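When the chains are written out, they are named A, B, C and D in that same order, and each has its own residue count from 1.
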Amino acid sequence: MTTPVRKEPSMETQKALLAGYFSRLARAKEDKRPVVYTFVPGNLAELLGAFDVAPVYPEVNALQSAMRQRSSDFIREAERAGHSEDVCSYVKCDLGMMMKGNVGPTGEVIPPPDLLLLSFTGCFTFMKWFELLRDQYDCEVAMLHIPYQGDGEITDEMRRYVVDQLQREVIPKLEKVAGHRLDLDRLRERLARSRKAEDDLAWVFRAAQHRPSPIDAYFGGVYYIGPIFTSFRGTDEACAYYAELRADVEARLAAGEGPTTPSGTLSDQKFRLVVEGPPNWTSFRDFWKIFHDEGAVAVASTYTQVGGTYERGFRHDPANPLESLADYCLSCYTNLSLPARSKVLADMVKEYDADGFVVHSVKSCNSFSAGQLHMLREVEKLTGLPGGFIESDLVDARYYGHSNIKNRIESYLQMLAARRGASRPTEVRA
Amino acid sequence: MTTSAAPALALSDDLDELVAEIEARFDDLTLSRVRAWKDAAPGRLAVGCLPVLAPREVLWAAGALPVFIRGAGDRIDTIRGDAFYQSYICHLPRSTLELGLLGHLDVLDGMIFPNTCDVIRNLSGVWQTTFPQHFVRFVDPPQTGERATAAAFLRADLDLLYRDLCARTGRAPEPAALAEASEAYAEAARAMAALAAARLAEPWNLPADEVYQLRRAGDAMPPRDFAALVTAYVTAARGRGRRAEDRIRVCLVGAFCEQPPVALLRAAERAGCYVVDDDLTLSHESSPTAPRRDGEPMASIVHAALTTPRACAVRYDEHGAAGATLVERVRACRADGVLLAAPSFCDPALLDQPRLTGALDAAGIPHTSFKYSESSGQFQSIREQAGTFADSVKLWGTA
Amino acid sequence: MQRLTCAGIDVGSSSIKVAIVDDDGASAQLRTTVVERIRRRDPRVVMRATVDSALADVQLDLGDLAYVASTGDGDVAEGVRTGHFYGMTCHARGGLFLEPRARAVLDVGALWARAIVVDDRSKVINSRMTSQCAAGTGQFIENIARYLGVRLDEVGPLSLTATRPEPVSGICAVLAETDVINMVSRGISTAEILRGIHESVAIRLAKLLRSAKATSPVLVTGGLASDAGLLRCLTERLNEGGRETELVTHRLSIHAGAIGAALWGAFRRRKLDAQRAAELSGPRPPVAPSP
Amino acid sequence: MKVFLGVDLGSTTSKAVLVDEAERVVGRGITNTRSNYDVAVEVARRDAITDARLAMTLGLVGDAGAAIAQAFWVEQDLLRLERLRQTCRAAAAATPGEGPRLAPTVDMILARLFDEADTLFNAEARTRGSFFRDIVGARFHALAEEVCQRGAIDFERLLGVYDRAILEAENEVIDASFDEMFAAAIERAGVEGPARDAALAAAERAGGEAIDLAGFVGTGYGRARLPFPRDCIRSEILCHGLGAFTMLPQTRTVLDIGGQDTKAIQVDERGLVTSFQMNDRCAAGCGRYLGYIADELSLGLHELGPLALQARRPSRITSTCTVFAGTEIRDLLSVGEKREDVLSGLHRAIITRAMSLLARSGGVYDELTFTGGVARNEAAVAALRDMVFTHYGPRTVNVHTDSIYTGALGAALFAKRGVPAEDLDDAKKECTGCSA
């Protein structure tokens, strides 16, 4: 079913981008670049880029720590300092890292912030997180309140409100730490570059409509979104990366090949799945392997929409820079209402001709998880397909139960196979 | 106007009868009294409000009774509600859904979901699909403190809500009605302040479980009726003439969106504490005289919402003063210590705890903390903890 | 100061402990300790028998005692006790009486485990208690011992002889039994199984201590203090990663709660007497503590 | 006869079912999974084959059949009892210091057990689903108590001997020839004259037909450890769904409460699973919970249900943990609550958890089939009926007499339908535990 692991050019590029980011970050103070901490969903990368500040994404640090098996230590440290077992592990991982000297995932020290840009998109815990950070750093905080699309739409009031806050709160504070005024043209240039990369990324995700799918839109997808969800959006580097990625995928598509996975290329795809929810980072490869071993490929995922719904059609618009940033923040996946999220999932199942969908619920994240069981039922109703449900955590290894997840995934896929078998009697065995 | 009529509530001045009345109201999970209120006059609506910040004046002015929904505690088995939530999510949304699925909330015409946390935020979506007959509204009061942009946004939202509700009740969206509603709630708040003061002075006469159930009774009462009930209770309870026991005075602090079971309050008091202050029913605690701005009632309401009087975990702590505020409160009510309680799996409340305990430590105020769930039926560990805490304050004094 | 003879009754979920002390205000002396397992009998009856047997030891009557303090499930001692103190208060006091250097007390009983951080006056600074899951306490070990046909007092020594602990995956105190039975059939020695169980309990206890921010040295009290196998695993766990935590125990650890209660009883008696003396000249003081 | 085997290796019991080519059940076997998985599977499998053969034989016998069948199983249990006598002697001898004192007592108790064999191992015990271990254990217990009251022998010691001995005795596959046992059974049943000859002839005729194992599938909690090739393993969810659906074709919702897990399964009109939820790793709410409580109260498992049904005012049990519930009931009993009320509360507590799981899996559709060992408990069934009605309105709730075999039946059906012959040949080469 599989062939040996192959490295593709875009993978190397992605890795280099990330490494470059952390070493530039470590030099930020020498380079006299102000440091701004902010979050991935609703991050204002182009605006930060226009000010040439160095952004830090605490969630990215947390997930990188987890993939390097360091998160458990950090979480323990935060719990020792009085944090509850119950709360979001991203927060604890980040706080623990800070308590242990703020040494980042690459071993370089992450500089303290000059500004906490609390873009409060799609997650309430962000706010609590920054309250805790502010106690430690005693620096300027810019609070950007992104209203939730609770009633299912973005109203003019919401958009105006966000733009207003950008103008009166965020930009002035950035101007203060950066020491210069905003150059609107630079912002526009960046937005134009974002748009170009977004086009390529969306094309890559859409390629999963082919059979076999040349990509894995969940496990592979999280690598693809790395640059565009963080500081690289709006840069030439990102444009180059996405062009390269697209070329790689085009080549696989032409060759009729499936995605490259840590356990080899998955071309013999027995199940096409849509996945909801973030992955587990502490056992990322083992987690992926469960799907791989069953011949299951993710053809679409919602996690790859948390930092921008490009696959669903969102594009930055250089013509209306602030409105476009506002729309970007308002439209991130976790800022959608539950019925809207169910619809995204159902649409994905249909558009990508999936055999089923799996909800991965993580203990940490109320923003994602609270209501997922309801979504499961709703999507089942909308698509007529059964859904699978598994649970673990983002970066807290204690909550990842491999055999349990494996058992559930296997049972789920056998169930899909049995249903398929019932309509095609010769193929009872999956 | 029906809402401004004098209280129709006939109240006894006998304490036992009052307490029975309070308990009956607290236990009225099927909202039969709300139904009676609605039936008493045409055009009345009842709208459920989830914690914490619901625009109750706006509802009341439009002729809709705000009914605060704070889960069902340990009073029903959560069965179907559990189907909606994984084990690592707090209990409140489950029992709230269970109430809905059992038909107990059928009397409500709609539900308001204020942005309290991600769980309640998402519950609004669950509600939209599960109870399509309800008018469901999500309100997102800005967390940014009082800024012109925030006020304008909230104002637009509330204006719209007011107009929509009035369209349903058939009233004119008059500012005067808003002013009258604010006044009615101010009256309730004054009664609440008197209640707090009385308890502070003689906690042995106003036990925590009674005071709490009284406030919960107010969750589903017209504001002036509630004020009358509170006032009657305070008078009667003060006359109870109990003797003070050798107990310590504590503040009970938490997020208190999900409420602890009443038995937990009893367990804490029996373990040797007097609860002299708590933040159990947050939404009732607005300041007694809502600040008016240029005489324009909606502006006052918006202003009050943005400058919430009481710090709590689900509001952004703009000035980083949550700890200092708590220390002040403890000192103001001459408490010997603080019981920090938080619902299990409640991110806002639990993330706040280390910040609060840090401030208490710095101020030399003893404290202990525990988690609970509204449905827990076992208080052994809470009794142990509160008891040990009381023991140690008693044996060693405050420091 | 006058010497007071006081008793402490610790009503646990599996056994009842009684201690009698002489206290002269400055120092105290242990007169006797008695422990009796409840074994599905009426706790009130067991309590009374245990108290009587302790009194017989020192040849005193109930009436000779200056104060009888209950702790644990104190209601059981109604009719005998003078007053009540809470479990952690007593374990702290009794713990420091047994080991004055201790700065944390870990009480592991049949159903609960408590980590108690104390100062040198045995004041409780911080504490944590296990929740509603028995997967880390005495009953768990007891169940396993029963399945293995091992007497409780053999459990510790056996576990110490194990060389390769067998990890127990089923953390549940009830379901672990299946794992254990299966291990038996795979030919794994009793010692190794017990060691595996001890490891899994130790992980939980270490976590409890950490979350209470316990400081060294830690005195283990309660029934499991006599389980040397558990103590070894816990010591290893606590000192993982170079953290230096000294774990100590005492022959009378299981009596810490009862001893503490007796000592607090004496303390309270003096306080009440002083108040009574003052009463002659001043206003009425508050009533006795209400449990 | 061509047969297909389904094995459900559960956490507490191992079940085997044989179906023929018409998908009719021809044999069942069950044993408890206390100790060794391989042995448990092997015992269940052999029992199922023996059962099939016995059924075939008795089909030819006529009236005397029932008596012979009963005697047959008694014979089988006697073989194991003999093994137990040996292991008990060894265990007694190995008890440090006390060996010489214990041995005669142990021997005496076992002799009593042999005497009581006909009543001990009667048909009722079998239909109640009590296993050798439980039956013998309970009686040993009682006899030991009697003995210890009189003499100076330590009760705990005596039980210790039994606990060790039974482990070993159970861990053996007892090899016995069908024909010999059948002959002995005729003897035991007191069948004589022409009836005896007819029975012997039937055995000979039936013995002529080979039982040909044409396929097998394993499932259950311990399925990963079954000595079966991967292809012959099916998820227990699918097996329970199909099994329940086949027993009762109107089934749309299945609730299975086994020893260590609870499953709520929804199936469509073809018996295919559409959604499921599982609860595991915590004994609260599973069959083991009841077992634990039965131990606490010194009752037999089968006594719990009937007792609970006598309750008038069920107690409210708040502990979620099995162990804590154990203490809670002791507390409740000590403050004077009635045993039946407490038990009723416990059953309700279990079913409440199951109801949550059902809700989570999508609800309760008509009809609901309750399977697994706990479905044998009348009080659990009553509580389920009650709560289903409260929360979902009128629904049919089925409990099939064979419900404990649901998973194994599903597996056998998968074996019949699913695994093509050529694969099976391969499989047979790898498979050691199951070559017929």
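In this text, contacts are C-beta pairs under 8 Å (C-beta built on N, C-alpha and C of every residue); 3 or more make two chains touch, one makes a residue touch a chain.
Everything quoted here is computed from the prediction, not taken from an experiment.
Participant: Would you mind checking the shortest number of contact hops between subunit A and subunit C?
Facilitator: 1
Participant: Going by the touch criterion at the top, tell me which pair is linked by more C-beta contacts: C-D or A-B.
Facilitator: Ranking C-D and A-B by C-beta contacts puts A-B first.
Participant: What's the distance between the Cα centroids of subunit C and subunit D, rounded to whole Å?
Facilitator: 41
Participant: Between subunit A and subunit B, tell me the centre distance in angstrom, where each centre is the average of that chain's C-alpha atoms.
Facilitator: The answer is 36 Å.
Participant: Cα centroid separation between subunit A and subunit D, in whole Å?
Facilitator: The computed centroid separation for subunit A versus subunit D comes out at 49 Å.
Participant: If you average the CA atoms of subunit B and of subunit D, how far apart do the two points sit, in angstrom?
Facilitator: The mean C-alpha positions of subunit B and subunit D differ by 53 Å.
Participant: For subunit A, give me the residues that contact two or more of the other chains.
Facilitator: 82, 373 - these are the residues of subunit A that touch more than one other chain.
Participant: Taking each residue of subunit B in turn, which ones touch at least two of the other chains?
Facilitator: 83, 378
Participant: What positions in subunit D touch 2 or more of the other chains?
Facilitator: Correct list: 281, 319, 324, 360.
Participant: Draw the chains as dots and join the ones that touch; what shape do you get: line, ring, star, complete or other?
Facilitator: complete
Participant: What part of subunit D is in contact with subunit B in the complex they form?
Facilitator: 316, 318-319, 324, 352, 355-356, 359-361, 363, 387, 391
Participant: Quick one: in the complex, what on subunit C touches subunit A?
Facilitator: The touching residues are 210-211, 213.
Participant: Which of the residues in subunit D end up touching subunit A in this complex?
Facilitator: Against subunit A, the touching part of subunit D is residues 224, 231, 234-238, 270, 272-278, 280-281, 360, 362, 417-420.
Participant: For subunit A, which residues count as touching subunit D in their complex?
Facilitator: Spelled out, the residues of subunit A in touch with subunit D are 373, 377, 380, 386-387, 389, 403-404, 407-408, 410-411, 414-415, 418-419, 422, 428-429.
Participant: How about subunit C: which of its residues touch subunit B in the complex?
Facilitator: 85-89, 112, 114, 121, 123-124, 127, 129-132, 264, 267, 286-291
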